[in-house]
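Each chain carries a letter (A, B, C and D) given by its place in the written order, and its residues are counted from 1.
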């Protein structure tokens, strides 16, 4: 992956806090593996909001960002009532495609890393469109 | 509740089988309490299908059945890899409103009971409509 | 229900804020009905924390609070990216049993109300125990 | 990936059928991206069962298979009420590690592919163990 932002400057990272409910755990007393992708989405919403437009507004303007690939690497397990630090940043933009990197921590301890790749397409017809400038500015500034 | 079908004749019950994945469990090694409502929905889809129309077709005809009330009583816990028997039946129909009863078993052992009450409304405008005849036939036959 | 706290004094309410992710929505563009019970759990954790002990500590002391009944009344729908106000309070305590009331709002607009009833039992053996004093203080003060 | 089973012989594939509930959809009227990982888990349980031991029995024997990596590639979207064909196979085994490949179809149309990599460790202490013979037989036969 041509990710030159593996350790992005702090001002490019979006950080949010999240308290793990029972709902997210499984019988091994850890967060169920699929739920980290929901955490990724929570971060993604905040990252997009940072660009000056919410994803809701992007949809209202006729665009959508469907996921084409999603990966998670599991290092340590999050547990019930943990206060997680969910972080992420825009790794690259290329035409109608972009990648977001995620890192989830408990304090300073890394739990998981991952990424998602998205297409920018029109809601009406699914035609590819360039990544909106306001959003790609998050990587190029 | 004016439910005269608490023990409905067997032919009025819809029954489906469901294997519990890890995803449904929580750290007490039992199915997380909210997930039973998803089981109820799985049954509801099959109950509506039994009327001769799928819920998808009902939506395409311009109607929807939003939930106005949902209740679950928890007697025993379902666990990972249990093969559940999810059952349900149409309890009553009244104008634009109907109630479905649910019972979830493991073998012959009752785990939970519950019900949902739904409104029949138009997708366009949310105006109330009579419960479709094909569906209310499930209770009146 | 003998709920004398239907309109509890503000200091008895716990309030938390929650941003709705895509994950919580369904194809009607509203929060899927079962997910409100997860919102209830998020609030419940904070309500218990307010008693001076987290639910994690209660489990570590050998007790658990399984749900015996859960109900939700749906008035209006929450939507993607809504900033919800999830509130709740301890309605009553009776021996080994207690009830929590929930109300979810978007601004001042009521979306759903609901309650859960819980048993206090030992983790080892499932024997009933009195509701811990620190927790029942939330209702009796 | 050294996956020589990308097109495994049919007898090595496990296939299961799954009807998509409303619960799995999001407001784009497609299955929410994280839910495919739950579908993967449903298949994984059946694949392990095929080895002659259920995952429950593997846990009872003191082993567990935590996920260390999970990936999904999204080609087309599953929708409400679709009858999905979830398939998967054991791609490789190496010491205490193995990979499962997944493919989800609607009829003959490919919707997503993905894989998970798992460690075999002891439940008590988390020490690595060789993949059980009964399970690795699924790849070497």
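In this section, contacts are C-beta pairs under 8 Å (C-beta built on N, C-alpha and C of every residue); 3 or more make two chains touch, one makes a residue touch a chain.
Please read all numbers here as calculations on a predicted model, not as lab measurements.
*Asks:* Could you compare the number of C-beta pairs in contact for B-D with that for B-C and name the larger?
*Replies:* Of B-D and B-C, more C-beta pairs in contact link B-C.
*Asks:* If you take the mean of the Cα atoms for each chain, which one ends up farthest from chain A?
*Replies:* B
*Asks:* With touch defined as above, tell me whether chain A and chain D contact each other through largely the same residue numbers, more than half shared, or through different ones.
*Replies:* Same; most numbers are used by both chain A and chain D.
*Asks:* Go ahead and note the Å separation of the Cα centroids belonging to chain A and chain B.
*Replies:* 35
*Asks:* When the C-alpha atoms of chain B and chain C are each averaged to a single point, how far apart are the two points in Å?
*Replies:* The computed centroid separation for chain B versus chain C comes out at 24 Å.
*Asks:* If you average the CA atoms of chain B and of chain D, how many Å lie between those two points?
*Replies:* That gives a centre separation of 29 Å.
*Asks:* Out of chain D, which residues touch more than one other chain, so two or more?
*Replies:* As it turns out, chain D has residues touching two or more other chains at 22-23, 28, 34, 38, 41, 80.
*Asks:* Under the stated contact criterion, what part of chain B meets chain C in this complex?
*Replies:* 28, 33-35, 37-38, 41, 64, 66-74, 77
*Asks:* What does chain C use to touch chain A in their complex?
*Replies:* Per the touch definition, chain C meets chain A at residues 19, 21-23, 38, 41-42, 45, 54-56, 80-81.
*Asks:* Spell out the part of chain B that touches chain A in their complex, as residue ranges.
*Replies:* The touching residues are 22-23, 25-30, 32, 34, 79-80.
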